[in-house]
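All chains are identified by letter, namely A, B, C, D, E, F, G and H, in their written order; residue positions are counted from 1 within each chain.
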Amino acid sequence: MSAVTVILGSKSDLPVVKKCLDMLKQFSIDAQARVCSAHRTPEMLRQIISDAEASGTEVFIAAAGKAAHLPGVIAAFTTRPVIGLPIKSSLMDGLDSLLSMVQMPSGVPVATVAVDGAANAAILAAQMLSIGNAELRAALCEYKKTLAEQVIAADAAMQLELD
Amino acid sequence: MSAVTVILGSKSDLPVVKKCLDMLKQFSIDAQARVCSAHRTPEMLRQIISDAEASGTEVFIAAAGKAAHLPGVIAAFTTRPVIGLPIKSSLMDGLDSLLSMVQMPSGVPVATVAVDGAANAAILAAQMLSIGNAELRAALCEYKKTLAEQVIAADAAMQLELD
Amino acid sequence: MSAVTVILGSKSDLPVVKKCLDMLKQFSIDAQARVCSAHRTPEMLRQIISDAEASGTEVFIAAAGKAAHLPGVIAAFTTRPVIGLPIKSSLMDGLDSLLSMVQMPSGVPVATVAVDGAANAAILAAQMLSIGNAELRAALCEYKKTLAEQVIAADAAMQLELD
Amino acid sequence: MSAVTVILGSKSDLPVVKKCLDMLKQFSIDAQARVCSAHRTPEMLRQIISDAEASGTEVFIAAAGKAAHLPGVIAAFTTRPVIGLPIKSSLMDGLDSLLSMVQMPSGVPVATVAVDGAANAAILAAQMLSIGNAELRAALCEYKKTLAEQVIAADAAMQLELD
Amino acid sequence: MSAVTVILGSKSDLPVVKKCLDMLKQFSIDAQARVCSAHRTPEMLRQIISDAEASGTEVFIAAAGKAAHLPGVIAAFTTRPVIGLPIKSSLMDGLDSLLSMVQMPSGVPVATVAVDGAANAAILAAQMLSIGNAELRAALCEYKKTLAEQVIAADAAMQLELD
Amino acid sequence: MSAVTVILGSKSDLPVVKKCLDMLKQFSIDAQARVCSAHRTPEMLRQIISDAEASGTEVFIAAAGKAAHLPGVIAAFTTRPVIGLPIKSSLMDGLDSLLSMVQMPSGVPVATVAVDGAANAAILAAQMLSIGNAELRAALCEYKKTLAEQVIAADAAMQLELD
Amino acid sequence: MSAVTVILGSKSDLPVVKKCLDMLKQFSIDAQARVCSAHRTPEMLRQIISDAEASGTEVFIAAAGKAAHLPGVIAAFTTRPVIGLPIKSSLMDGLDSLLSMVQMPSGVPVATVAVDGAANAAILAAQMLSIGNAELRAALCEYKKTLAEQVIAADAAMQLELD
Amino acid sequence: MSAVTVILGSKSDLPVVKKCLDMLKQFSIDAQARVCSAHRTPEMLRQIISDAEASGTEVFIAAAGKAAHLPGVIAAFTTRPVIGLPIKSSLMDGLDSLLSMVQMPSGVPVATVAVDGAANAAILAAQMLSIGNAELRAALCEYKKTLAEQVIAADAAMQLELD
């Protein structure tokens, strides 16, 4: 059972997407990762989507660079939320991928996060899954505290460094 | 009880945001709309967020133009998913607002939709709320069929027009 | 029999695409026009592609605005050349649509023309079809002469105007 | 006899264009490659175009960076399809070259592919040449299967890696 | 005898270019204006260039929109300075035309002025022609004084308006 | 007592911000530097602002990358001038951060300097503090002379180098 | 005596700049407005700067469109803070003017506000002048309250409208 | 006597500008190079301009990065043609510098060449000086032949390489 299915348009995106998978694990969210292309393996993509839905996937995350149609094409086949993660690999630091994901036509949204924002894709998935899941919400609150503590620690470290 | 709280950075964004409110109504989702500014009324914003959470809000939608910090600032105060709706009102057809929303730092995501993509913000909220809500999911499937029917009807209409 | 199948992502693109259909007619190329969306009617799109191929389509032209995945998704299902016609309808005069069409991944090209370059999409299709078609090539040579004559006439008209 | 003539605006573009030449060879398409500049050797360019047409060239591919007028100038002298391949060498990762190629005026199209999309330029040429060439079309279908197999293999490899 | 030859890629650019012609007249510079396209009438363009040089043209001004190859192609055939005047007619207020003109490869410069900067194209031509022409230089100095007087008058007018 | 409070959105911005701190020291301006995030530690940010104001801070400088909401959020809580320093860390060399800082809505300005313009942020703060501070103004005049001397020295050095 | 000197690069910018002058008046700040061009009247500009400093100007505001060198050139001649107000008049909604103002070299900052952000230029000037001016600071605090009240009123009005 | 005066906004631009100085030497054009800043040494800049004009300078070349006001400020003080050479040093590969140079207001043109187009700045200066200078024009024609020969040689070299 995979509550989240993460699809990479290309295996070369894995170094960036790894942070997404790690963050999902940190929230104890069952997830699978698949390489699948909207343009090279459209049949396989439909199969992955329908298998994923059958086995409990509630959120899709799709990472892609360049024209980056992957999340949009997934959104064509599911009513689950689809998170788009643009990968920096081409023009203007990934602006092409970002625009291609976010500018979806009316009726078929893609929830787009920052270019290379792999951890945020996972956190957004966790936030969605926490609707009606008190345990996961508590974990998200804990995580928010950790973020704050990291800032406080960084501030303290800088004070020492600057002295 | 408002499952979705929609916050407008400025009342002047209402004509665009109206399509979001209408779509939420179409899915029978309880929603409230508030005008509140991240920069002019930061206290009020925190109050709205905490009141909303207390009264059952599971998803926030924030519409803003120009620097468009609103969804990011909301995301700082909640672990619920925050949907960012950039409004076309300034530079390069809203590119400034889009970048300002989507490029959030690690740990605090904003689920960004297209510039002026008001209906999609609502549909994305519905998709999130449909996690564990079979009725809403069925409504989303119905809506997806309607979209297809509209395309088929448009195709038929064009055939007549072109003859 | 339609040597060219023109697909519009939305019927609202027809005013621009009309110039493409007219130009195809001017070259006596059999063509059909369909409204079909990559995201709203993915099944119908596959049907149109396979029907078109069965009935002799050698070139596809796909017109779309915003995220504009249409030509890329068609290219996933055919080995015929796919011409992408970006429509000005959103950010930065259609730059989002242009990038989304042209930046296709390796293996699945889309032959992209200018934003709103409807006539050129038709001429490019005619150029492709003229491979091994002497009559069409002759028509293209004639058209090239017409273009030159229009420039010469415009120059003459301007001389009168400036005197 | 060269069914495709590939023209490089500068010999320094060869490392990118090599992938185009290799892909043409993979499809057993006779091709010649020439260095020729629209601005430095306009006479030579016309000679190459007319010689190419005389010896059977059906498709031109032009690779260029910066202002990248080469494919447009070729298109001025031929009715064969001209594929434009923008080379990343200057502003904003080649956006200047992309816009300069794709934004051709009405009447004189350039079929533009992605920045540095050398393999796709070759595949697009093969798709054009496959009109009325069953053998080449079969090869393109085979190639499409290979692309899919590569994705499937990459997916399998990632599963092992992630375990 | 035309010291300056102004070439318009399209007669539709005349309303903008008119300011250029008027400014040349104001400096008593003999000029001719021609409509000629780099892509539709390449032969005619070469003829115009060589006729212009024979009849005394020392500076070329080329106005064009979209891909805007015109000044670059002229520069391929002459050693006289070529001034490029980008016309706002397409993407991002003419940014495509501006980049296409200014980003010329090494060896073949185009002296580019602002988008729609028609008067400045004329003034730049006058500055070039004033090399070794004391009378024209004096006229340019006079013009510079006029510019200053206009500013002073505008300042005075605003003081009245604001009182 | 810190006349200037410099806030970094992330400790990783310190290498750039160091030049700002050094320049403030050069002008003998008391300054403190803090790491604090608008999104991860919004409470701490308010505390820092109010403590800073209590202890004499007259100018805030905020450095941030990506969505870069930090200076805008500070400006929401203070009437002191807030200087925004965009850090190059993401899209298009920091254009996202620049737009996010500078495009503030009416009523809540951020005084934005160049991307990575750390020294200029300090000099601008010094210029503000020099209002009614003759000593600091004199120091700024001295600094302006130093800048000129550096240019003169660079010119002399280049003459030697070019001989 | 003018605590603030506002300089317009062109009288045509007055409709936008008017909001700046009105806001300065609202804060009871003595201000003068002048039309002066960095390029057409460089001498007059130096005179205005030195007269302004002599008569008590502590802050300069410079509004300009297109290349928008005005605030940078003022900053070359004064150590007072210079606020740059980019005016939307040319490429990409004023992005050219914004970049030209904000990207100043090290040593000579311009405090840049949003494109057409005329009111914010005035408020920023007021914030600077409030350093050591308790009355003005109090007025700024009052203004901040007004801003909040406007938002609260807009929220109330929208509630009525939506019922 | 320096027919051309080349001014660098910063000595750090010399590695790029060197190609400009070498090209001027190749055309036997007397030139001087100076480091001078529009913002740090405005007085020195005026002195350089007036000395240059007195000693025979007919064309100015100004190289600058970032806000790049240098050529515009020079153009304010001379009626000689001013060539702007944008240097890649900051945002989007120098797009900020390019826009800041080319978008000059009406009346005060800057003849802008490509980002880092140092050789072209020199060739453009030579073209301007060749007005009424038959020897220089002949040299430019010779240079044009050399360019063509380089292309022919590169083509021949590539043929060998590809065999």
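Here is the rule we use: contacts are C-beta pairs under 8 Å (C-beta built on N, C-alpha and C of every residue); 3 or more make two chains touch, one makes a residue touch a chain.
Predicted model only: the values in this text are computed from it and were never measured.
Shared contacts of chain A and chain D, meaning chains that touch the two of them, come down to C.
Comparing each option in B-G, C-D or G-H with A-D by residue number, the pair that reproduces over half of the contacts is B-G. Inter-chain centre distance (chain E to chain H, centres taken as mean C-alpha positions): 19 Å.
Mean C-alpha position of chain D lies 34 Å from that of chain H. Chain E has its Cα centroid 48 Å from the Cα centroid of chain B. Shared contact sites, meaning residues of chain H that touch two or more other chains, fall at 10, 37, 40, 66-67, 90-92, 95, 98, 102-104, 107-108, 114-115, 144, 147. Each chain pair that touches appears in this list: A-B, A-C, A-D, A-F, B-C, B-F, B-G, C-D, C-E, D-E, D-H, E-G, E-H, F-G, F-H, G-H. Within the complex, the chain E residues that touch chain C are 8, 10-11, 14, 21, 33-37, 40-41, 44, 66-67, 90-92. Touching chain G in their complex are the following residues of chain H: 9-10, 37-40, 42, 65-69, 72-73, 75-77, 90-91, 95-97, 99-105, 107-108.
The part of chain A that touches chain F in the complex is made up of residues 92-95, 98, 114-115, 144, 147-148, 150-152, 154-155, 157-158, 161-162. Considering their complex, residues 58-59, 79-81, 83, 98, 102-104, 106-115, 117, 119-121, 123-124, 127-132, 137, 140-141, 143-144, 147 of chain D touch chain C.
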